[in-house]
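What follows is a pair of complexes built around chain A, which joins chain B in one and chain C in the other.
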Partner chain A sequence: MTDQQTDEKVAFMPQMVNLEYRIVTSPIHQRFDKQMREGRIVGQKCPSCGLVFVPPKGFCPLCAIVMTEKDEVAVKDTATVTSFTVITPIQYQGQKEREEYVLANLILDGADSSIGQQRIEGIPHHDVRMGMRVKAVWATPEERAGEEGGGMRGWGLTAAVKHWEPSGEPDTPREQYQEHIL
Partner chain B sequence: MAAEASWTLEFPYRRSLGPVVGGFFTGLRDGKVLGSRTRDGRVLVPPLEYDPETGESVQDGLVEVAETGVVTGWAWVTEPMRKHPLDHAFAWALVKLDGADSSLLHALDAPREAVSTGARVRIRWAGERKGHITDIACFEQENS
Partner chain C sequence: MTRDIAIVGYASTPPQTEVRETETQMLFPAVNEALERAGVTRKDVGFTCSASCDYLSGAPFAFVQTLEVTGAWPPISESHVEMDGAWALYEAWVRLHHGDIDVALAFASGITSRCNWREVSSVQLDPYYLMPLWVDDVSLAALQAQALIGSGKITEKAMAEVVARIRGGDAAALLDEPYVVEPLRAHDTPTMTDAGAAIILATGDKARELCEHPAWIAGIDHRSEAHYPGVRDLTLSNAARIAGEQAGVGKGPIEVAELAAQFSHEELLLREALGLGADVDVNPSGGTLASNPVTVSGLIRIGEAANAIIDGGRKRTLGHASAGPCLQQNLVCVLEGD
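So, the complex of A and B:
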């Protein structure tokens, strides 16, 4: 087939490696997904040590005991920034970010465990700080009713909450969150 | 939500090939099979950059071999997996092409009873060739 011949030499070859996962969502994730779709952030409070874990794990990692629906407690959608990173995206294949953005660890009001990878918007990056108070900006109930846009385990904190923005409250004193800094 | 979801992690690599493997793939794209020559004159297909027995570099330049050859070993695949080159039962075969001194591993599309060591086979080229090992669609019986 001479029509396919060119003088150009083959110097590279594409090699697509893909790992295909089948994610089986646990009943705990499914329940959390349902609550987040309803706009409620619900954790579990250990009946032994009294610490509140969000998202719920189904067990207390410190006391190593099972926790169930009867240990559920609602927490608020307001939080304190415990640490943060300003990320400058490199434009690799598949990268959708174009501008610098901020991801933070937060401690939700009513929770004892921090949550990571939370996007902060509505404030210049150089003004983001530890102790800053933020509130959730939720995806709309219509968005949360669908499947499109949820994470691979459903509507978790990084999907149902689009981002967090300053609430305008005074900063949380360091003593109140220093045990939770990741 | 669904209790099950699928998720794919992709690593889209682009590998540089060098003069020997690059030359081999250039040949496949042009419908030719090229091998490398060791210092003592053996022809390696697929071509290596070195003699596997001595570690010496091969001679410069590649030589063309035939698109027909003989099966030197094989394994029958009763149920092909999703990423296999054929969607029906086939053999993975080592084929020593005429003019070569080593064997190339590829799929052989032939009835089970026609697959044996010593069987004569030839290349079935892919419809569209782009400089990849898949330019060889598979082997088939020489007299089919």
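So, the complex of A and C:
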């Protein structure tokens, strides 16, 4: 069958859909948010398998057992890039980005679960690489105290860490992070 | 080849008006309790099917997080339906018929308190004719109730009697309440809740080993009406009737029927479509009118019908699930004790 040409215009029907949701931050994520505002990254260590999850979930997803505040451990604000993407923003209503930027998956020192959607700054995009060592650049205590300083829906970190930049340490060998590559 | 398949464990969380913990945390106790009641561990489960609707929480891929209740490492065999959990149970039932596994888990979670369900139910309609009108589930249900009243099949008094039985109160006094959407009053519409539920299925000898009184799935079937409500005769529920016939509802007396009747008139319509007489105990749990966690309600109906056999001493019960406007989709599951 060949393509048929037609002069008939394609009809479009604009349809504005607006659904409103209430974001309810769970108690466990409220607590994580509070700790981040205080400048601490705190996860939960499974009493059964010993793995550390950041952000905390309230349970171990591997052992399927409940975890509580008693299982909390602090992790460091240094990390290894396990994977990354250079994003070219397209423009849509609400889009604030205009230039290319980098989001990375990180494995924090002391954690066994990776965190996604972390912004990398302070290095040309073509130099970002898997295994690269980074450190957190925190918002100031005043910025963290404000309304925009936190925010936690259960994934990523909060706005308390503005972005991450190279720490200058030697790269992490692949064997040490390859299980965390998405 | 067919295999004998039974429900051997069921649990649900107490319905809440507003859950504050994460959906996964909410589900955890239900899955743990269902496993415990069945006397199996997560490692015994050969297939898992979950059910939820991302539009409830307004987060894409929200369903992936709830999988963490299964302890999915090493990787497990699983699937998901963007439907009521009754259809997850159906998929698990089909999977067990493959013959290579003998225990399956179906679970569902729904947090309706984060969204405006009347808006979300509207967005699920066809995008050309109905959705631009923002017609919602209550308005469409009112059309069906009006059609049933107009046909002489039911009366507002009969609807009020259903409500009085489930919610308590005096039927005559209920009729003095104002309409929400005529002829529906607030008490005719479901109480929206947040909840999770889980069911363990097992086959043949395994089911007998795990459970003293397994609730055997004697028949299960699901049918759908036409997508556009305007082409339907709303005074009938042919989908429920055919699903009931295929599941073998009429092959013997039904003692307990758990019907996913969200609205009072739906119970009257479903009783007729499924041929349930006055002697049938309908919705002793309170049914979906009393508590409607979206995508969980149907699985709860089947679980409650199963519990009537597992620890209620009943021999033949029925669980029903529905979805879509005006009972569009219907699933009927007939359960029997030994």
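The definition used in the following text is that the second predicted complex is superposed on the first by the 159 of 182 C-alpha atoms of A that agree within 3 Å, B and C clash if a C-alpha of one lies under 4 Å from a C-alpha of the other, contacts with A are read in each partner's own complex, and residues count from 1 in each chain.
Here is the rule we go by: a residue touches a chain if its C-beta (ideal position, glycine included) is under 8 Å from a C-beta of that chain, and two chains touch if they have at least 3 such contacts.
These numbers come from a predicted model, not from an experiment.
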item	value
Which superposed partner A:Gln93 touches (first chain B, second chain C, both, neither)	first
Which superposed partner A:Val10 touches (first chain B, second chain C, both, neither)	first
First, second, both or neither for A:Leu62, with chain B first and chain C second	second
First, second, both or neither for A:Ala145, with chain B first and chain C second	neither
When both partners are placed on the shared chain, which of chain B and chain C touches more of chain A	B
Partner chain in contact with A:Ala74 - chain B first, chain C second, else both or neither	neither
Chain B versus chain C as contact partner of A:Leu19, first or second or both or neither	both
Chain A residues contacted in one complex by chain B, in the other by chain C	13, 15, 17, 19-24, 153-154
Residues on chain C engaged by chain A in the complex (per definition of touch)	18-22, 24-25, 28, 32, 42, 55, 57-59, 65, 68-73, 113-116, 119-120, 123, 127-128, 131-132
Partner chain A, residues of chain B touching it in the complex	1-17, 22-23, 25-26, 29-31, 125, 128-129, 131-132
Residue numbers on chain A that touch chain B, as the complex places them	1, 4-5, 9-25, 30, 33-34, 93-94, 147, 150, 152-155
Chain C-facing residues of chain A, complex	13, 15, 17, 19-24, 26-29, 57-59, 61-64, 66, 153-154
